[in-house]
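Note that chain A is present in both complexes that follow, paired respectively with chain B and with chain C.
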Partner chain A sequence: MGWLLLVLSAGLLAPWLPLAFLPAVPDLQHVAEAPSWAASPAHWLGTDTQGRDVLTELVYGARQVVSSSLPAALLATLVGALAGGAAGFWGNKGLRLPWAVWLAGVAVGWWALALPGRWPCSLALAGGAGLAWWRRRSRTAKPTGWPLPLDAMFQSALTLLSAVPRLVLVLVFAAGPALGTPQLVVLLVLVAWPEAASQVRTQMLRVRELPFVEAARAAGLPTWRVWYRHALPHACRPLLATAPLSLAGLIGLESTLAFLGVGRPPDVPSWGNLLGTLQQEPGAWWLLASAGGALVLTLLALQQLAQQFGQRA
Partner chain B sequence: MRLLGRWLAAQVGRAFLAAWAIASLVFLLSRLDAAKATDLLLGETDNLGTAVLRADADTIQHQARQAIEQRLGLAEPLFYTTRTQQAGTVSWHWHGLHNQYHRWLVGLLHGHLGLSFRDGQPIGPRWRAALAYTIPLTFLALLGAIVGALLVGLVLADGPQAALSGWRAGLHTLLTGLQGLPLFALALGLLFAFANPDMLNILPAYAGSPDDEELWGQRALRLVLPVLALVLAVLPELALLLAHTLRHELSTGYATTARAKGLSNGKLLRRHALPNAILPLLTALAGLLPALVAGAVVVETIFALPGTGRLLAEAVAMHDYPVVVAGVLFTALARLLALALADALYAWADPRIRLVP
Partner chain C sequence: MKYFWFGWLLATSISSCSLPADKQANSTVRIRWNRDPESLSPLTLPNQNAVDAATLLHCSLLQVDLSTGTYAPALADSLPRMQLLGDSLTHLRYQLRHAAAWDNGRPVLATDVAFTLKLIFCPGLPNEKARTQLGFIRDIKLDPTNPRHFTLVCRGQAPEFGFESGEFPILAEDALDSKHSLRQFSLASVATANTAEPTLAALAARYQQADLEDHSGRLPGCGPYKLAAWKKNQYLTFERKTHWWADSLRPAPLVLQAKPTKLHFSIIKDDATATLALRRHELDVLPQASARDFKRLQALAATQQRFAFYTTTSYEVVTAGFNTRRPLLRDSLTRQALSRLFDPARLLQATQLGQGQRTVGLVHPNDHRYYASNLPLLAYDLPQAQVLLQRAGWQHRPTGWTRPAAKGQSEHLALALRYRAEDPVFQTIALQFKAAATQLNIPVELRPTESSLLTTALREGDFDMYVRIQKGNPFAFNYASMLHSRNVQEGNFSKFGTPATDRLIEAVATAETPAQKRQLLQRFQVMLQQQAPLVPLFFLPYRLVTDRRLQNVYPSAIKPGYSAPTMTWTDAAPVLAQQ
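So, the complex of A and B:
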């Protein structure tokens, strides 16, 4: 716990900490040196093969964790909860969109893609949508329309994303030009959301049959409100225990990317990057001890946190 | 049996479709960025241009770019249709079968993976050479992981039923800790501990050998550390899963009956609980082979093995997209294989599945 708070505060406060060296600025007089406290601005934890101060890199590496892995894990959990919850609640046949919505959607798509006959076809479709809407308003019968196969869409997205392992998927999408932080976050969210989503979906399949959901429906609440206010909070319960684990997985993934030197520019300070320099200097025990230690401690602390949450949930 | 067959076919078919879709997606995305690829090749031919007059340099560069695009097949349109935007009006063009995607797909069906962007050589032979390293590595790790998981799981489940105690609890904690570690940290730790002049220098650090004259024993010794890293990375999940299911099985009625008849704990575990606990393990095995193939990327980079994983990592770093696409295909294929294998094993392990009419 204490360690996690330390990492978090180091990440947030990195630019204002009284560090003797700047990140990514080599000190060429001291390259790959073990820790020493003799010199006046001492390298407390030594330097790496390019003469960068290890302590500074560690602190800025924590900043990297806080600024990319943490938001990615939160976003992935959110996206996963919404997608999995919707797929589990409505299934393949539950969500019936009225004809008007379908026609309007096709019209907008036709127009935006500029398929042949752009104006007449999209106008005709929009007209059809209006007509359907008007007829629907005039007689309020049972909800009609075509069901949106939410669950099938969800499952196929999952199958597609799980066709290759996460690491390979991230590597492949990072193969292009170097990524900035927002792109990295998006990429991490893309590969991480299925985990939370399938969990919420399984839970939702159970929750939607429970009496209180039935009661909410019988009370005449709108369906989306039953979903959002009553079913979803219950289905998301186990996420509390797995969110720290998901964060740990993403930190590991991001460090692996940095270690392989893929995706980010090489001068972005990160723990994985620091460990990567170990390959040029295999005897540098201080590099392994500091960066590896920071990484391992963080991951173990997150595991502990997940266990505590799991016991409470 | 018929039902199972249909289900199996559907499962494999789905995985196959997913593999095709993801490979196509990666192919199309990568070709959108093809200008970089020609730049890569132009860099090599640049030194030829220095002898020519400066004024001609631009036209020569242009011609060279066109020649390279022609050679790599980048001059054709990308897909069956393209959407062009000129002065505000958008229009669609139909190109027929003469496009890059169609060519790639047909080549793939004939077993051609395409040409590397970096040196213009065919990729196939390079993959075959790399596979010679990766297949032994992966299968040794697979074997090690399965045997290790069975042993550790049985050991963990043995003993008093109430709670884990003593060294078993310690082992459990250790495994849980290992489970969270990323593979590269694990491999670096192993490398540091066992192949370091300052520490224990008992195993060779770098597995790749330039000469083929080496003794088999030495080559096997070089594979120890990479295989160990891979096994340690996947073992905890399997072993903990097995131990958990075994403990669950031991608390059921048939286990109590067997114990009441005077069966020893070890025999009960091996003869009665294990066959029932093996099914969840088989499901986990389906994910094992792809995980090992992905792990090979990291392990081969760290231990300098010239296998497929390192080929993929290098291709990614150098934007050599055809090699990357081949890597995606290979990984997806490994998953397909694992899935089919797991299904077959499932039918073998659980007669109830076989007997479905």
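So, the complex of A and C:
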């Protein structure tokens, strides 16, 4: 926990720390040098093959963890919880969408895909959606519509994403121009959300049959409120234990990308990037010890944290 | 008993008929290439590896003899005889070797040379580079009494024409133009024809349909090797022809020797992987080893015993270039200012461990005749860069550097720097430049790009700045391909060129006397510093590591830095390496 707090604070406070060197700035007079205290200013943890100060890169690498992997893990957990929770709660027939929504969806799809007769057809469909909405408001009868096969859609997405190994999927998306931090976060979320979603769906299948959920329904609460306020918090409990592991996985994935030099600009400090320079200088033990050590310690600490949370949950 | 004797006889005959496995394996030489040749079309040779491959498949009139560092006759039986005509023309008389023949036994004749030249000047073909290099040849005159004799008519009287005129692969006329339809055209008429001319258009279409870039076998050459296998970005294997015309030459000149039965080029982009492959006996030759790997291998006792280490100078210069078509970089003052952000002295130390040479321009510092040693070396100078930017009209604001542009708008100084990915030298240079630019509040986006995509991006002008290697040689000073305005689509990636600089470049290429050339090259080097479309940072050294048992390597400053076809294996005790 102490190590994680250190990483977190280093990542958050990196620009204000009294570091002797700036990130991604090569010191061309000290390239691939072992830790030294003789020079002034000293490279406490040595330099990499581009002359970058290892300590500075480590600290700013922690910033990369805080700015990319951590938000991605939180977002993936959130997205997974909502998607898995909805799929598990409503299944394939529980959520009926009114005709107006279906028609509006088809109108948007028609327009977005630029299908033949883009404007007239989209407008006609939108008009139909408006009419259906007006009729629905004006009628007092039971609302009609088609059920949205949420669970089937969820399972399909899950099958699609799990059919391709996670690293391959990320490499396919990251192989083009370098990604900015927001794009990287989105990419990491894309590959990480199914894990949380599967767990929450499985839990939700159990929770939705529990007496307190039945009681909430019988009390006449709106379905979404039952889902959001009563069922979902219970279904999300296992995430407390798995979220740190998900974060560990994403840190590993981000470091792998940086190690391979894919997806991120070369001047973005990262532990993986630092480890990657080891290829050019295999004898640089200080690179392995510092970047590898930071990575291993962080992953172990997250695993420990997951165990503690698991025991509490 | 009779079975014993029969078995003994059989074993003896088998062992006497087959070569020992060691000997068989020894006839192959495995060499590392750091990138794919991309194309094996003799007209389109996009990189040095493609040029080296073409040298194995085809023969030129003259080729560089790496043992002497001079041009030697290959298909020609001697160096051309020069005759100056008036004050503007040169005649170069060539005689082809009697033995020279294509694989089908047909002799290589002057008509093949004429056809190749016409192909180089034919509109509608990807021949811009070759066309630029041979632009001084105006005509070819065949000798009706001797099918192997011809005369090249050249505009200008530069002494370099003697060897420049002979360095292009000769192609078989029958393979591409079996009806000899091009014979009705003179070289001059082909050069001035337009793409709509039916015969030339048909020829261009045939050439394009042959897809020689990927299928070199469709155009058999008269070189010693044929392509046996090519897996893009992985390897190329060349097999020695069983019967090659130059085998009958006694004594065989060095440029017409081809000893290994197989040359296997492994494409390994990463230096560390290549070094590992060498140490694991998966490579025999490691050219252009990185400074650190070279030093590390030299320091280890185990590798000292196994490998020979060679270091020579080279004519490869690490160069930064500006896209002069971009409004931000259209003026020379801005380019001069940005060039002051590079620190060549420290970059040379950091990336080459001090080997290599700083330079004022594209002429090698060792060439004392023409190198402008009176010019200052480029130096890292942030205050001077700031002054130059202000002189160029840039104003420093908290948001960066801006200056008024057309239509009342303002332009913001921000740059995208491209370089070949996976090359630590370029990455160090890019990081150093970006760090310096950041100090001046100039945003720089680094875009490491895969090598083939980089060529495309540079050709299409999709960059502000680049870092790459410019290759040169000690023989010719023809900078048209990299700086002349007519080559903006091909080698002149900076898109630079004014009528005055074009004239100067042409004059340098065709200077007739050493004194005139010295004067013009001095002006050229001054122009390059003032206009700064390119910023030569430093010349690289060549570092070559080979298996100690390989002989006749001929390490050289001339590209590619070694002679693959002459290499032979010896089982004798290792000789001391030449350092």
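As a convention for this text, the second predicted complex is superposed on the first by the 275 of 313 C-alpha atoms of A that agree within 3 Å, B and C clash if a C-alpha of one lies under 4 Å from a C-alpha of the other, contacts with A are read in each partner's own complex, and residues count from 1 in each chain.
Operating definition for what follows: a contact is a pair of C-beta atoms (placed from the backbone, for glycine too) under 8 Å apart; a residue touches a chain by one contact, two chains touch by 3 or more.
Worth saying up front: this structure is predicted, and the values here are computed from it rather than measured.
Chemist: Does chain B (first) or chain C (second) touch A:279, or do both, or does neither?
Modeler: both
Chemist: Just to be sure I read the superposition right, which of the two partners does A:130 touch: chain B = first, chain C = second, or both, or neither?
Modeler: A:130: touches no partner chain.
Chemist: Of the partners chain B and chain C, which touch A:98 in the superposed model: first, second, both, neither?
Modeler: Neither partner.
Chemist: Would you check which partner chain A:303 touches, where first means chain B only, second means chain C only, and both and neither mean what they say?
Modeler: first
Chemist: Using the superposition on chain A described above, determine whether A:266 touches chain B (first), chain C (second), both, or neither.
Modeler: Touch status of A:266: second partner only.
Chemist: Which of the two partners, first being chain B and second being chain C, lies in contact with A:71: first, second, both, or neither?
Modeler: Neither chain B nor chain C is touched by A:71.
Chemist: For chain A, which side has the bigger count of touched residues, chain B or chain C?
Modeler: B
Chemist: So in the superposed three-chain picture, is A:163 touching just chain B, just chain C, both, or none of them (first/second/both/neither)?
Modeler: A:163 sits against chain B, while chain C stays out of touch.
Chemist: Just chain B (first), just chain C (second), both, or neither: which does A:238 touch?
Modeler: neither
Chemist: According to the stated criteria, A:178 is in contact with first (chain B), second (chain C), both, or neither; which is it?
Modeler: In the superposed model, A:178 contacts chain C only, not chain B.
Chemist: Common interface residues of chain A with chain B and chain C?
Modeler: In chain A, positions 177, 261, 279, 282-283 sit in both the chain B and chain C interfaces.
Chemist: For the complex, which residues does chain A have touching chain B?
Modeler: Against chain B, chain A makes touches at 113-116, 118, 159-160, 162-169, 171-177, 245, 248, 252-253, 255-256, 259-262, 272, 275, 278-279, 282-283, 285, 288, 292, 295-296, 299-300, 302-303.
Chemist: Note which residues of chain A are touching chain C in the complex, please.
Modeler: My answer: residues 22, 24-26, 28-29, 31-32, 49-52, 177-178, 261, 265-267, 279-283.
Chemist: Taking the touch rule as given, give the residues of chain C at its contact with chain A in the complex, in rising order.
Modeler: The touching residues are 270-273, 290, 292, 296, 343, 346-347, 349-350, 421-422, 424, 427-428, 430-432, 434-435, 438, 445-448.
Chemist: For a test of understanding, state which residues of chain B touch chain A in their complex under the given definition.
Modeler: Touch residues, chain B against chain A: 14-15, 17-19, 21-22, 26, 29-30, 33, 36, 83, 90-92, 176-177, 180-185, 188-189, 191-192, 196-198, 205, 290-291, 293-295, 297-298, 301-302, 312-313, 315-317, 319, 321, 324, 327-328, 331-332, 335.
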